[in-house]
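Next up: some structures, all given as structure tokens.
In the two complexes that follow, subunit A is the common piece, with subunit B as its partner first and subunit C second.
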Partner chain A sequence: MITLAKGRKILRGTASQSWVAYLYIFPSIAIYAYFILWPIIQTIRLSVFDWDGLTEPVFIGMKNFIELTQDQILHQALLNNLLFIPFFTIFPIAIALFLTALLTRKKVKGFNFFRAAFFLPQVMAMVAVGIVWRWIYNPTFGPLNQTLTFLGLENWTRPWLGDFSFALPAVGLAATWVQYGFSMVLFISGVQHIDENLYDAAKIDGANEFHQFWNVTLPGIRNELSVAMVTSIIAALRIFDLVYVTTRGSPGMKTMVASLWLYRNAFQINRVGYASAIAVLLTLIILVLSYVLLSEGSKR
Partner chain B sequence: MNSHKITLIRQISRLQRNTRNLHIWLTLYGVLILFLLFTVSPFIINILAAFKNNTEISKGVFRLPEEWLWTNFVKAWMQARFSSYFRSSTIVAISVVSVSSLLSALSGYAFARMKFHLSRYLFIVLLLGMMVPQESYIINLYYQLRKIGLTDTYWGLILPQIGMSVCFGSFWMRAAFSEIPGDLEDAAKMDGCSSFDILWRVMLPLVLPAVLTMAVLFFVWTWNDFLLALVMVTSESLRTLPLGLALFQGRYARDIPLTSAGATIVSLPIIILYLTFQRKFMRGVTTGAVKE
Partner chain C sequence: MKALTRFVCYLVLVAMVLTACAPAATAVTEPTKASIQEVTLVVWDVLASPGETAIIEKLQTDFLAAHPGVKIDRNAKSFDDMKATAKLGLSSPDGPDVAQINQGLSDMGALVKAGLLENLTPYAQKYGWDKKISGGLIARNSFSTDGKMFGQGNLYGVSPTSELVGVFYRKDKFEEYGLNIPKTFAEFEDILKTLKEKGETPIVAGGLGGLAATHFYAEILNVYLSDRAYLDDLIFARNDQSWDTEVQQKAAEKLQEWTENGYFTKGFEGTSYDDQGSLLENGDAVMMLAGSWWSSTLAASPISEKFGFFMLPPENEGAYKMTVGGTSPAYAIRANSTKKTLAAEYINWMISESSAKVWANNGTIPLTYVDPSTMPAGSLIADLLTAWNTINQKDEVGHYLDWATPTFWDTLTASLEELMAFKITPEEFTMKLETDYSAYLTSLK
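Coming up: the complex of A and B.
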């Protein structure tokens, strides 16, 4: 009895403060729960149903997931997502490292200007980026073909976005253009936290610029590198706006990606249950990958 | 200013002394300028195109317009209904930014400064919202909102966007509020301030820079959002700028100057905001990267 009363007293003591705290977080949690969390749970539920969005959903067990393994278009889409990864990760990160090296180890005049300019594409709407690059690749009078013609390289000109082998790299290049400023800003902020003594020590050991970069800078921005890696891999797996505006998956299925295929299933061919299964798969891939990469990154 | 001059003079004398150094500096700036061109030329040719007419486009993309035509902007604004898209984007963005910032400040404050039973669990649940991609809930969000008649309304664009924003916002504001020393709070409590007074009068002014960074991020995410608008909105009068631009491009694909003017109208507000809040942008987007 005594312990019970004591317990109640303790509970009441904290409860009064809890009560206020819940008032503060309630609006956020409520909106989040209704508009984000509940739809996520529903997606998982619907992935085991067959549903056209109008009639009663029919429970079909794992059939949607079995179909995932046989869906040629989905496989092509996932392969394309994979092919997009270098354009989101390796290329922009390499450029970003290079620019970081140029901008940080010498007192570059106009440092702020260069940094701000390289970051500019990052703030643009992907739709606008798509529109601009679609025009750059325009077969008849796009800037790229015009430049090639001007340089006397007529036989290099082609309808870039309609070309079976060049469409994906062409869209990928636009993604690279958007991405490297982001990684660079991340890396520069990392470099600014590196202890200057490390560089001095390296210099005393006779290390040249390149060795300093390799032995001091790179290890110093390890965390930033892994964050850049994870976020850009996720961006490559989620690519949607850019493809929607530039190619919509064409030519053939050469630039079809997972989220576009999901969108088509859900809203154009009304296979809502199957689209939910794709969503579950995509989400799982992203969550597992980011977990593995981030825990791997922090382990070292 | 003086120290700049001194370093400059030092640099010049060093350059004069050593031609090898000169080579290094020339290569350095050469490479930087090359990348600068790669970065800004899409913007420049897009703006140039927006001022030309269709025949001039084919003559040379890097050439300045013979006559700077504002007609494309006028046409895009009136005929292609960019004025209406702009209004929708502004209504949605302002609602999302103001409400999300307020709600995030409230919840971030509670998470940072109060003890309550479910604190840890609720915070983890919110973090989940930062990690799952939009694609994982967009399908059922649509059907759920259709059932209660919120599709094809501003609410359908605003409320889900707030739901996404407060996940990052709570996380961001919790970090900001945690940095304030506890003495300040205790002193205010002694003076008999209520918890809301403490938040409003004592804490909030101290975290204002963090709030501003967060608000800028919310604005960019909302302004640039495409998928949510694509799924939710069917009436033309509710279309936001990115949605309007994407669908408009399908219709006027051949009118490059007009689409270029459209792309400029979509990007300009963000670019102006970016040039004003550069540092906040960079800090915010790179920290906010955890969200994406």
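Coming up: the complex of A and C.
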């Protein structure tokens, strides 16, 4: 209760004020509900239908989901999504931690510049990233093979995006390049909340830079780490544009991913119901993983 | 009071934002109201490249001159865009009267099944379209009325231009090595061997994405087929045929043999399809086994006179051999259009002899016959026209293999990549194709 002049009182946080709050957020919720929630509900509904996108949908119960368990291409796709996870999480986070350590322990000239520059790949459209990296990996004209040849390492050259062993890592590398900036910015802001006294205490105990990082910085950014993990795993499971622009799933099915297979089914093979089932499955996987990771992270 | 004012301002702001983000208007602009004198025909096509745009504008100008009172509202889309929006457009009363639809089950077939396309057989008979195109071409634009059976029933589309797959070659290199255009498959293989021995890359290949290999395989298969029955049956799902046959394994083996002998561009697995033209132009290869859709790119090259074209030859000189080919996406008429007669007139104009000449003069093979001798002697378009006329007249227009089932594109490209990387044997290859295909046949029953 707050008392104003003339003794009028304003109640805060009571029902008479909260309906105004709801009105404020109503437009955003309306947009969100119409463009995001409603299509999600529609997708869940469609997953139990067989629909070619044109004629009447036919109700088929759980048949789509049963087919999911037998779909070899989907299994390979999910496996590939799993294989992409290190490229979205471990490698970018490792790079981000390293850069964070470099940039935050002492005052670095041009700190703002570096932070912005390292974040730049995140800002680029994935399609543009894909096209650029595709060019880099071009076996004849691309800089990677040309550099290797120039350095006398010609037997290390490969038809990268068409190579059965290297296509996925090649695309993964592009993903790592995009992702590390995001984690880095998260960690830098996290480090700024760590109490300097902890570092002083560590130094008194004889800790060097590395020990300080390992024992003070890392635990201190635990929450940011878990957020970074969750968002990057989700990104790995959702990956689409990068693969679409670089390899479209080739060679064989070595870079096929769940969302690309979903896209093929929905828009090219005309199986919207089945694609919706894939979408539901993918969403469930992401929800479960996020829950597990976030509850793990907040336990400590 | 302050809170209320703020709230009202906020509402106004939101209202402005909402109106600004009106859902993207459908690509069809409202056609002008048909007055007594004026009729507007709405056309959607995929002739979006600068070259094609110039041609179609000219053809439309001539059409409008011959049809006073008619206006054309034309919308050019990319191939992918058309695929995504055709269904919506054709279901709408404001949609296109004429639309260019891709052949095959998942495109034209699906639209026929949904009752969105007009049966063109009566128009074909009225205007004599059926005399211009071979039986094979009519079949691939035909479906049963329920859209399920491909290759029979009513005609639903007619295309303005054609395409075929063959060998673009460097005339200067052929001269340098004293090579002649091969008349038999054995002669072609000799050329491959000779070029390889001379240190050249015989066939340029941009394998990324899988398209190039589908043409290589299909063409080699065509060499070993002596008539079209088997392949027609496979593509149109007739007579329970199988992909797991000796002739297919033979073709698969041959493809592996060529790969092993290094006849394709080094690093082809990671080379982009679109790079093939530049590689051929740079002299990094001598031949390109690809589609005639490359003709305008090559014709625009500064060394365009160095390119020629021949079809992959049969085993025995002069024998029947299909060549992978077909037509561009076909003009179809919307089933509930109110201007069907005008739409048919438009289509008829687009495939007329005079329109065909415009296409040919611009380096694209038209559907309708054009005499190759009216083109500059020895030019790329003359070669292409001669080839097309031959296969159209001899009913040798072959198939795009990925049409076999809705999922065949994925199966075929993935299996070919594995075949050419020697991860699977020819027998395993044909088995993979057959697994997809037989599952599809079962689903049809």
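Just so we're on the same page, the second predicted complex is superposed on the first by the 273 of 300 C-alpha atoms of A that agree within 3 Å, B and C clash if a C-alpha of one lies under 4 Å from a C-alpha of the other, contacts with A are read in each partner's own complex, and residues count from 1 in each chain.
Please note the rule applied: a contact is a pair of C-beta atoms (placed from the backbone, for glycine too) under 8 Å apart; a residue touches a chain by one contact, two chains touch by 3 or more.
Just so you know, these numbers come straight off a predicted model, no measurement behind them.
Colleague: Once both complexes are superposed via subunit A, do subunit B and subunit C end up clashing or fitting?
Modeller: After superposition on subunit A, which the two structures share, subunit B runs into subunit C.
Colleague: Counting only touches as set out at the top, which of subunit B and subunit C does A:Asn81 meet: first, second, both, neither?
Modeller: Neither subunit B nor subunit C is touched by A:Asn81.
Colleague: Once the structures are superposed on A, label A:Thr89 by its partner contacts, choosing first (subunit B), second (subunit C), both or neither.
Modeller: Touch status of A:Thr89: no partner.
Colleague: Could you say whether A:Ile73 touches subunit B, subunit C, both of them, or neither, answering first, second, both or neither?
Modeller: Only subunit C; A:Ile73 stays clear of subunit B.
Colleague: With both complexes superposed on chain A, which partner does A:Ser189 reach: first (subunit B), second (subunit C), both or neither?
Modeller: first
Colleague: As a test of reading the superposition: which chain, subunit B or subunit C, is in touch with more residues of subunit A?
Modeller: Here the partner covering more residues of subunit A is B.
Colleague: Between subunit B (first) and subunit C (second), which does A:Thr217 come into contact with in this model arrangement: first, second, both, or neither?
Modeller: After superposing on A, A:Thr217 lies clear of both subunit B and subunit C.
Colleague: Under the stated touch criterion, which partner chain does A:Thr104 make contact with: subunit B (first), subunit C (second), both, or neither?
Modeller: neither
Colleague: In the overlaid three-chain picture, which partner chain does A:Asn64 touch, first (subunit B) or second (subunit C), both, or neither?
Modeller: neither
Colleague: Check whether A:Phe267 is in contact with subunit B, with subunit C, with both or with neither, and answer first, second, both or neither.
Modeller: So A:Phe267 meets both subunit B and subunit C here.
Colleague: Go through the superposed model and pick first if A:Leu161 touches only subunit B, second if only subunit C, both, or neither.
Modeller: Second partner only, subunit C.
Colleague: Indicate the residue numbers of subunit A shared between its subunit B interface and its subunit C interface, in ascending order.
Modeller: Touching subunit B and subunit C on subunit A: residues 20, 24, 27, 31, 53, 134, 138, 140-141, 267.
Colleague: What part of subunit A is in contact with subunit C in the complex they form?
Modeller: Interface residues on the subunit A side: 20, 23-24, 27, 31, 52-55, 73, 134, 137-141, 145, 157-164, 167, 247-253, 264, 267-271.
Colleague: Which stretch or stretches of subunit B touch subunit A in the complex?
Modeller: Its residues touching subunit A are 7-8, 28, 31-32, 35-36, 38-43, 45-46, 49, 57-58, 60-62, 103-104, 106-107, 109-111, 114-117, 119, 122, 125-126, 128-129, 131-144, 159-160, 162-164, 166-167, 169-170, 195, 220, 223-224, 226-227, 230-231, 241-243, 245-246, 249, 256, 259-260, 262-263, 266-267, 270-271, 273-275, 278, 281-283, 285-286, 289-290, 292.
Colleague: Considering only the defined contacts, which subunit A positions touch subunit B in the complex?
Modeller: The touching residues are 14, 17-18, 20-22, 24-25, 27-29, 31-32, 34-40, 42-43, 46, 53, 95, 99, 102-103, 106-109, 114-128, 130-136, 138, 140-143, 146-147, 177, 181-182, 185-186, 189, 227-228, 231, 234-235, 237-238, 240-241, 244-245, 259, 262-263, 266-267, 272, 275-276, 279-280, 282-283, 286-287, 290.
Colleague: Please output the residues of subunit C touching subunit A within their complex, sorted ascending.
Modeller: Residues 3, 7, 10-11, 14, 18, 83-84, 87, 91, 106, 110-111, 113-114, 116, 207-210, 265-272, 275, 279, 284, 406-407, 409-410, 413-414, 417-418, 421, 423.
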